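The structures come next, written out as structure tokens.
Two complexes are shown next, each including subunit A; its partner changes from subunit B in the first to subunit C in the second.
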Partner chain A sequence: MKYYSTALFLLLSLFCKLSAQNDKMAMVEGGVYLPLYGAEGKTVKVEPFLMDVHPVTNADYLKFVQENPKWKKSNVKSLFADKSYLSKWTDDTTFTGLKDAPVNNVSWFAAKNYCECQGKRLPTMDEWEYAAMANENVPDARKIKAYNQYILNWYETPKTFNQPVGSTFKNYYGIYDLHGLVWEWTQDFNTVLISGESRKDVDKDANLFCGSAAIGASDLMNYAAFMRYAFRGSMKARYSSQNLGFRCAKDIEN
Partner chain B sequence: MKSNIKKFFFTKMLVGIAAIAMLSSCVNDQSSKKYKDAVDIPVNQEMIAELTSPPFVPTPVGKRMAKKLIVDLEIQEREGEMTSGVKYIYWTFGGTVPGSFIRTRVGDEIEFHLKNHPDNKLPHNIDLHAVNGPGGGAESSFVAPGHEKVFSFKVLNPGLYVYHCATAPVGMHIANGMYGLILVEPEGGLEPVDKEYYIMQGDFYTEGKYGERGLQAFDMQKAIDENADYVVFNGHVGAMTGDNAITANVGETVRLFVGNGGPNLVSSFHVIGEIFDKVYVEGGDLVNDNVQTTLIPAGGAAIVEFKVEVPGTFILVDHSIFRAFNKGALGMLKVGGEENEKVFAGEIHDGIYLPEGSVIQSMPSLDRNKEKEEVKALSFEEKMKFGKDKYMATCVACHQGNGQGIPNAFPPLANSDYLNADVDRAIDIVLHGLSGEITVNGKKYNSVMTAQALSDQDVANVLTYVYNSWGNNKTDVTPEMVEAVRNK
Partner chain C sequence: MINKLKYIFIAASLVAISCNNTAKDTEATAENATEQATDNAISDMSIYNLPSNWTTQDGNEIELKELKGKVLAMVMIYTSCQAACPRLVADMRNIEKQIPEDKIDDVQFVFVSIDPKTDTPERLTEFALENKMEDDKWLFLRGTEDDTREFAAVLAVNYKKISPMDFSHSNIISVFNQAGELAHQQEGLGVDNKETVQAIIDLAK
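And now, the complex of A and B:
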């Protein structure tokens, strides 16, 4: 099955019409960070990479489906997108909402192919989490109460998906909207599994989370991040969601 | 007692005969065979479960046979009002806190459809304590926004069970209101009663203190510290008071399905002025008779039954009493009907007694200098609006929604000669409390009002509201007037 899917992705990428859009990207300096999950105390190294300054918008995505009709709402294969794919679009070329609001209701397959067609890729979860630690001023703001409160307040605010990109703050790297508008797909979105039974995840045997990090989700950083991991854990690659968009990333070429 | 039992069996027989007569022409829908193991109870036919919002419960199962019961529950993240002027984003099962009540019987096979509304931000799941299986169903029901999960289980144990969301961070999902009750009736159903209601306590943690206006965010630190700002029945302050009170008539038997969603606090559930004839301890088979207060653990439940003998308003509280009068854990059962002086004669004597508690109670004073800087001149309309909010948050439990008070206990504020006679005295009472006998509109009252820890502006607002409502003399109370009394 795995090989079959891989072959399918390759097929999809082959047929994609390359059209580098003029999206601004920002450089994220690499580094080492301690993620919420994983073996206790084990840090992860993130190589420097480029990341889109804004999430992909409705207008961007319209251009994409026009150039790549297989991703039109009426053409899309159910293997690659479930019924909620572009569910708020009234037809193949008409979206509801602002043209510069982030596109949502897009499956992982579609998001991945979109990025490939721009000569880019989806960010890895570590890259995304690493870039998203930054507030306006510092690369790692996870211990700053106001920063975490901002994220949590967003989680508790309904219907943020229809605000224009760039309407939240510009972070340390010059990237906007990592928090505040929509959740975002990552390449390996559920490699860290929050299983359906979240209390079992704290079991060390399960080896999904380090017990202490999960069970002692006492600080703001943990519980904001937890909600992201939980969200990702609930998704499958063909799912799409009203509150889920994406942006692309790219390796730095030597 | 003996004659009661006889009477009960007689009634039951009549009901039984009537039911058989009614059903004799239809499909045989009644089970007769007894099964040793509930697993072996066969199901026949499908049925859509009736789901109800609190305080209501679905129709009793009676003697129906076990069925495949389809439960259709939608998760909604939505804004609601914790108390007047205080908004909160609730996460709900079925749009209410607590979630929809599910009623089933032993041997039913439940096909559970859990739907996560597409507008929701978060994944959710459900752990039903009535399930024998991993995670109580949580593992099988983890559902992304815009998706539906279906899982099934057979209910084996009779009792009243809590259900709740168990998605990370679990405590937060519960704290935001994701809990409810599922009742599993025994073979043959529970004994019939006249009135049944659904009540569930929960504790809430907000950034602002109790009553602080605006949209309040969830406060994780307070939740970890178990320092609740609100402890309420059925999701918000006043869900069961005034017009929302539950009702019964003299002579009726009342059954309350009482749950406690927590996340943290256990409940000392009590009905002021009633004794529970029967408590199904922790919602299980053990029945305790003649109980004053029953302890309901977080994530637990109890069924209480009692007969109401006299009319009046009976106050439901968490008898950890500051929660009732200061954090919202207060509901009302209004009983109508004829007085019964054999049971309760009311006041028969009024003499003089100097109580040991005659010292006026006080509460910690505010940091008045800090408060003073924040005082802004408010328009009359604003004072009325904020005053009403403060009244609904602070005063309504005793003085009631329309200022009518509670006879023989708390004096009326509506059309009150005592209030209208002296504004400074009224300010003084709010600031410093009052105990001892007073006469209001010709009736004597002897109770205690505690001093209220309110700012000058709040006192001015609430009194302006009271003076400009319910036929009072329309005094406009200013913060300066309050300050003058405070400094006296």
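And now, the complex of A and C:
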């Protein structure tokens, strides 16, 4: 089994050789937090993990599609990406915008495979939300008014995806751009079961769905988080969107 | 050393499947030219593009594309579910009953577990027995957690573990044509399944 994992790892690096420019990862110390959605009042434990310091850029993604042609705009299967996939690229190998701006208009399938091809994975929603609670100084800044206002102001600013990665603040863990440039895919985005805004067919569970409560919440933090959860709940894995990018995460190897 | 090489080969195949189309094609050509031709026939929107592997209630390993050629009625469930799943199972049976004799052999009814940890092949077999679904037309599948999440993404089924025992999930029955393309989806529990039945009848030979 040991040989198997070693061989798999070596081959992953061979077959999916990618630029190291976006290889910088930061450690997020684990901990316990109360997510916006989940069983009522139940905290979630997040194990320590590694997260990319920056979102994946246009240049990173170009290298990926060149090495994995099935993800080129003209090759991609419609099961895995809708028509807006890389819609702002003028052809298979030409993107518009800055090379170090976050890639956007990518589907969940593409983002997931990108990370796999680097021996990484997409962060889970809990990991992402946990890391994104941090401002420059503290791991949980959710109660700090200025921090919440910063996030909400960003949500109201158009076309932030055109800015280079690293142009927002460096957070407590050394991670940039969790808020400020693009929203990001998470591995389990399809765990969001919000009724009303979302699909009508969902198994109703009063303990799980507190969407209407969140809308009425006076806490600004909840409102920002609610927007993220609602957005995730509205996405399908083949959709792509111009304000949506991604970054990768990784387990900490013992 | 031989073992080591074997592992490397297996790993190479895995990587080829997940990350590199070209390598996959080469491998397929070397292995079996006929299969290559079949592969090419898979359309863009077919679920048979998914490389995932599954285990059946009988413990057999299968790839989805082995189901090619049949009309599929698929639903995601978990066997320890007390609320929605028994009704989804009933809905599936109700649909099955309305398919005419001469069409039924062309239809495969598939249950995909959203709780692969609990739903071992043994558990799935028990479940099939309890529900009197031992006939070949009922197929129960479990995969890795990752492949299951991906498959749910294709079906637009959302689910979340809400306790050690329970999941909350969308209730959707999906109908696929013989090429693995989504033809119809029925959303909700105990809904009028007339359209679903008609979709299957129209597709089945």
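Basically, the second predicted complex is superposed on the first by the 212 of 254 C-alpha atoms of A that agree within 3 Å, B and C clash if a C-alpha of one lies under 4 Å from a C-alpha of the other, contacts with A are read in each partner's own complex, and residues count from 1 in each chain.
We take it that a residue touches a chain if its C-beta (ideal position, glycine included) is under 8 Å from a C-beta of that chain, and two chains touch if they have at least 3 such contacts.
Not measured: the values here are computed from a predicted model.
Q: Pick one for A:Glu116: touches subunit B only (first), subunit C only (second), both, or neither.
A: In the superposed model, A:Glu116 contacts subunit C only, not subunit B.
Q: State whether A:Ser74 touches subunit B only (first), subunit C only (second), both chains, or neither.
A: Touch partners of A:Ser74: none, neither subunit B nor subunit C.
Q: With both complexes superposed on chain A, which partner does A:Gly233 reach: first (subunit B), second (subunit C), both or neither?
A: both
Q: If you stack the two complexes on chain A, which partner ends up touching A:Trp108: first (subunit B), second (subunit C), both, or neither?
A: second
Q: When the two structures are overlaid on chain A, which partner does A:Gln187 contact: first (subunit B), second (subunit C), both, or neither?
A: Once the two structures are laid over each other on A, A:Gln187 reaches subunit C alone.
Q: Taking the superposition on A as described, I'd like to know which of subunit B and subunit C A:Ser241 touches: first, second, both or neither.
A: A:Ser241: touches subunit B, not subunit C.
Q: Just to be sure I read the superposition right, which of the two partners does A:Lys159 touch: subunit B = first, subunit C = second, or both, or neither?
A: In the superposition, A:Lys159 touches subunit B alone.
Q: Which partner chains sit in contact with A:Thr94 here, subunit B, subunit C, both or neither? Use first/second/both/neither.
A: neither
Q: Do subunit B and subunit C land on any of the same subunit A residues, and which?
A: 198-201, 233, 236
Q: Please output the residues of subunit A touching subunit B within their complex, sorted ascending.
A: Residues of subunit A touching subunit B: 84, 87, 105, 149, 152-153, 155-159, 183, 194-201, 214, 217-218, 220, 222-223, 226-227, 229-231, 233-236, 239-243.
Q: Please name which positions on subunit B make contact with subunit A in the complex.
A: Residues in contact with subunit A: 77-79, 89, 118-123, 125, 134-135, 138-147, 166-170, 172, 217-218, 220, 224.
Q: Given the complex with subunit C, which residues does subunit A contribute to the contact?
A: Going through subunit A, the ones touching subunit C are 3-4, 7-8, 10-12, 14-16, 38-39, 68-70, 75, 77-80, 108-109, 112-113, 116-117, 187-188, 190-193, 198-203, 205, 207-208, 233, 236-237.
Q: So in the complex, the part of subunit C that touches subunit A is made up of which residues?
A: 3-4, 7-8, 10-12, 14-16, 18-23, 44-47, 49-50, 83-84, 149-150, 152-154, 156-160, 162-163, 168-172, 187-188
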